[in-house]
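One chain, chain A, links the two complexes that follow: it is found with chain B in the first and with chain C in the second.
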Partner chain A sequence: MIIFLLRRLFLLGTVLLGLSIFAFSLGYLFPGDPLQNFTGLRYIDSAQREQLIQAYQLDQSYTTQYVAFLTRVLQGDWGLSFSSQQPLLNEIWQVLPATLELTTYALLLSFFIGVPLGILAAMKPNHLFCKSISGMALVGYSLPIFWWALLLIMLFSVTLGWLPSGGRLGVLYEIPTLTGFMLVDILLSNTHYQDAALMDAFRHLILPTLVLATYPTTVMIRFVRDAMLDVWEQNYIKTAKAKGLNRLQVLYRHGLRNALLPVIRQIGLQFSTLITLAMLTEVIFSWPGIGRWLIDSIYQRNFPAIQAGLMIISTLVITINMLTEIMHTFFNPLARKY
Partner chain B sequence: MNKLGIFALFSALSLSACQPEQPETIRTGLVYCAEGPPENFNPQRVTSGTTIDIVSQQLYDRLLDIDANTGNLLPALATAWQRSADGMTYDFTLRQDVAFHHTHFFKPTRPLVADDIVFTFNRIMDPTHPYHFLGGGIYPYFQSVDWANLVNKVTAIAEDKVRFELNRPDSSFLANLATDFAPVLSAEYAASLLAEGQPQRLDTQPIGTGPFHFKEYQKDVLVRLYRHPTYWRGPAAMEQLVFDIVPNNARRMAKLLTHECDIVAFPRLAELSLITERPDVKVQESTNMNVGFWAFNTKKSPFDQVKVRQALALAINQSAILQAVYFNQATAAKGILPPTSWAFDQQLPAANYDPAQARALLAEVGLSQGFSMDIWAMPVQRLYNPNALKMAELIQADLAQIGVTANIVSYEWNTFRRKLTDGEHDSVLIGWAADNADPDNFFRPLLSCAAADSGSNRAQWCDPVFDQLLHQALSTGEQQQRLGYYITAQQYLHQQKPLVAIAHSQRFQAINVNVEGVSVNPYGGIALFGARRITP
Partner chain C sequence: MAKFRLYLDENNRSPLAQLWREFSRQHSALFGLILFSTFLSLSVLAPFITPHDPYLQADNLLLLAPSWTEQGLVQYPFGTDDLGRDLLSRMLKGTTYTFGLALLTVLASLLAGLALGALAGMSRGVKSSFFNHLLDLILTIPSLLLAIIIVAVLGPGLENTAWAVILALLPQFVHGIRNAIAEQLKQDYVTAYRLDGANNWQVLTRLIIPNIWEKITVLSSMALSTAILDIAALGFLGLGAQAPIAEWGAMISDSLDIIYVAPVSVAIPGLLIFAAVLSVNLVGDGLKVAIQKRRES
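Then we have the complex of A and B:
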């Protein structure tokens, strides 16, 4: 297990190294002045220029420049944003929690809906109800998310007026940002409208969470169903049944545990898709997360921000992937052999 | 009833219960959905109507106000004013006990005095003023009216009396003081910021005397204001005012329909009929003095030739543009001055669409094989031009008829304006909304030589004949004489065509039916002092 962990960590290091080299080279690959791309400063006068070239070691070889770049990244100096001239890392810390909040709720929702439905669909594969679950999963899987989101907004916001069409919280509620997680911030805030604000934040969460959860839920249903069908044919299930365990016991102790293993791995693999979908969701629902921030940056040709966004999102995806891999191996002794 | 039916009924009931009586915060606050973020919080330094809407009438007061209906001047911070016989000196008496905002970042110790006025106006015109060069020393409106050369001195002659001494008589002087670009700032706040070494905060964390005070600005997200409890006109009806920044038209409209916004700026003209059908939303229409135009960069070839400009003007189909871009909710422009202005020249001919004539004119200057040009289309929607891109496409097609190849160019709005001021364009689709009732406000900021220097003259046009006409019009106090000069000026423009005026449009706001008291100044921004929620 330790050797396995070391190997994984080594792989993680290599991937991150490659990523950082790519991010560094973007400073040169983006159009414009590399010094501006690295510092994020919009206007640099000639006196400042010399000084900055020294500080960023841009007159040295690419290797030295890269080492300097890596040192800055590790020290938390990610440069400034072109559009706001604020430190990028600060901006990222402001928007990242919103994305994490949304994706976490969506993942939880998909887990709690997807797993039971998947099991149900596997129990009686030929029953009409179970077939319709699989059918629904297929439809959800193929739904273009922006179309689905707009449809929900049209119905629940514009036509029925039940739910807000975007944002995290009604703008009239003034909640100071402490953690960046809206629900936590509301609970920590000391205002007389805490309850109303909490209710409002929930109402804002419903549609984006639902939209973002659609895809992972359908993936979950399909995988749990397939894994379940697979496991159900195994001999140890037959043995357990023959021993006289009731259906629920077999299902929980022998079926589900084994069937959920590939699902854990799936979560990791689907995470990058989830982040991409979160970006779309954020844009549609004006959710002030990192996806919207990154897409705005692309529109504004804010190169330092694109570079930083790329680094943070890729690191996140790679790390999550690795963690689920490790978890999968941890729970599944068979996988450790490889 | 079966189980499913009961379940459906129950869930419908519980969902409709999600719309309870509105919480107090909602009832005492108002949300205005703006089409863009403010540039900063000092109207002296800006030109964009978006900033003016958010900042001017809400945070600040002016010495004088304009009566929206008659265009006459009304007392505001100045209760009385006197013009000397030679028209060179103006004395103002200030209102007593006008309180500045008391906020979490500044606690004023005194009410408004003459020093505040002196501070405010010296900032614009005195290069030795500690705040003059904050933000680059650029005061677009005041530069366009040549303020620094017009006003000689501003002095406090008593605690509550200010004197403006001019270098020459100017019949539009008072109108300038009443524009939304002339707020009164706090000298005390500025001094305390200087002491702290934070002068830039004067324009980002504003202190004024207006009906609302500043709370926070989340960049590109929202501006939050709270009621100024000791406002001299009495406290505003709403306790909180939030400007939600929603650049996307469709989203702004959706937010109006979901009641997330109470007031929506600039609903799309195409959607007006849709909105009026809704029982919960009303459309308010108000006169606005503006013009949308197509300006040629007359410093660049071939636009420096009058015949080329005339040819391009003849080539475009104005009525098609009016229909496709303005949905016929605008008046076809004959010149830059709207017909509602007293100085409008009734004799101006309507725009003529004649591609054959245009070709002939181009042939005369040896361009019969045509040429290639850029049309810059502004990336934001404005009243005077709700869809510059579409307009550019229509013009592109029209120009193709006379052999001119047009490329459409657009940048992000701030970049767009910067490049425009630097004169990098061939031609641009943009416009102007008046800031005061004086006709001079259309001519000088748009087409004078001074404006060509400051960059607000989008045609980069500097013509001594025209400048002389404007100067003569300003030097006389006699209305009939002024009218004569302005008519000559309009005829001259019609012939020279530094720009092609396209349309004058009305201003529309879509408002929740439960909100009342929103007023719009035809010469400036929206005023939310009187806005209030009524219970249906």
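Then we have the complex of A and C:
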């Protein structure tokens, strides 16, 4: 297991190294002056230019420049944003928690809805109810998310007026930012309108979470159903039934434990798709997360922000991938190959 | 696992005929196939069958209601948009962009994936692991982010998004094909063929490719649904197809500001995207089930 962990760690290092090389080369690939792209300064006069070129070692070879770039990234100096002239890392810490919050709730929702429905659909594959679950999963799987979001907004926000159509919290409430997770922040805050603010934040969360959860839920249903059907055919299930265990016992002790293993892995593999969908959801619901921030950056030609966004999002995805894979190996002795 | 059958049906049909038999037994898959072929023919024939020019702006017919309402005209079944362009013609034209372009990107990505996957699958050691890690890298960049980077470097446009989609689809293909090849290499008939003196190239072209094409088809169907959704999403965000082009995603974002006046102009492109993706998924699922059933029989 330790050798496996070391190998994974080495792989993580290699991928991160490759990523940083790619991010560094973007400074040259993006249109405009590389010095501006690296520093994020909009206007550089000639005296300052000389000084900056020295500091960023842009007159040296590409290898030296890359090492300097890597040192800056590790020290937390990620340059400035073109549009606001603020340090990028600060901006990212402001927007990243919002995305993580939304993604976490959507993933949890998809897990709690998708897994039971998937098992149900696998239990009696030819029953009408189970067929309709599979059918619904296929429909949800094929929905273009931005259109689906628009439909829900039209129905619940515009026609019925039940839910707000965008944002994280009504402007009436002021909640100090501690963790960046809105619900946690509200619970930590000591204001007299805590309950009302919590209710309001919750109402703002419903539609984006629902939209974002649609795709992972349907993937989960389809995946659990297939895995369950596969496991249900195995000989050890027959043995368990022959021993006289009832249906629930067989399901829990032998079926679920084997069928849910690949699901852990699937979460890691689907995470990058989930981030793409989260970006679209954020744009539509004006959710102040990293996805909307990045889309705004491309509209404003804010190249340093795109570079920083690439590094942070990809690192996140790689880490989640690694964690799920390690968990998968941890729970499944068969997957341990040295 | 071979199942016991009382009545043996003739099993000496060709693999393809068996596959079709199992496929056509599923109504949903057949329905998907019909829908898919409709979209395919529309995407090729679109320039010839549009009733009006999709870019012609008729000043006297702005925001015409669809023909099923009182105010509509029968010449314009879905009505016109805020610039007086015929919606039906634009929908038809959009099939070429969204559906046709998605097909092309999948094809390009498949060819590149086949070459890289074969290289990765047939090689061993350092070369093989190098390929894998390079792919892991691309796999970790979400497709929309990759598209943003490509748009930032090359500028927005339909062509550049096609490159982004090709790059984003590539890792799935290479991984899938590499795993399929690795599975095939373990088979006894490959060893037997090697003992006969076959080299790598012969093993690949004569044994492996004919045996994995089914898997490739399923992979492509999954990739196609992703490609359609990605192209439409990029068009919607304004990073892909630019304003006058009648791409479905771009049409939705164009019509967003008139959604109260003409909800049809948002509803129909969305429905079309949905139908296109659904048809691809139905065919893909049908194929998967058919392949599995054929193996069992």
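In this text, the second predicted complex is superposed on the first by the 337 of 338 C-alpha atoms of A that agree within 3 Å, B and C clash if a C-alpha of one lies under 4 Å from a C-alpha of the other, contacts with A are read in each partner's own complex, and residues count from 1 in each chain.
Keep in mind that, in the parts below, a residue touches a chain if its C-beta (ideal position, glycine included) is under 8 Å from a C-beta of that chain, and two chains touch if they have at least 3 such contacts.
All values reported here derive from a predicted model rather than from experimental measurement.
In the three-chain model built by superposing on chain A, chain B fits alongside chain C with no clash.
By the touch criterion defined above, A:P164 reaches chain B but does not reach chain C. Judged by the touch definition given at the top, the superposed model places A:I313 against chain C, while chain B stays out of reach. For chain A, the partner touching the most residues, choosing from chain B and chain C, is C.
When the two complexes are overlaid on their common chain A, residue A:L261 makes contact with neither chain B nor chain C. In the superposed model, A:I119 makes contact with neither chain B nor chain C. When the shared chain is aligned, chain C comes close enough to touch A:S142, but chain B does not. Contact with chain B, but none with chain C, is seen for A:Y173 once the two complexes are overlaid on the shared chain.
After superposing the two complexes on their shared chain, the closest approach between C-alpha atoms of chain B and chain C is 5 Å.
Overlaid on A, the two complexes show chain B and chain C touching the same residues of chain A, namely 299, 301.
Those residues of chain B lying in contact with chain A across their complex are 15-16, 18-19, 23-26, 29, 31, 215-216, 219, 221-222, 224, 240, 242, 244, 246, 251, 254-255, 257-260, 412. Every residue of chain C that touches chain A in the complex is listed here, in rising order: 1, 133-134, 136-137, 139-145, 148-149, 151-153, 225, 229, 232-233, 236-239, 249, 252, 256, 259, 263, 266, 269-270, 273-274, 277-278, 281-282, 285. In the complex of the two chains, the chain A residues touching chain B come out as 84, 153, 157-158, 161-167, 170-174, 193, 196-197, 203, 286, 288, 299-301.
Here chain A touches chain C in the complex through residues 11, 14-15, 18-19, 22, 26, 29-31, 138-139, 141-147, 150-151, 154, 233, 272-273, 275-276, 279-280, 283, 291, 294-295, 298-299, 301, 303, 306, 309-310, 313-314, 317-318, 321, going by the rule given at the top.
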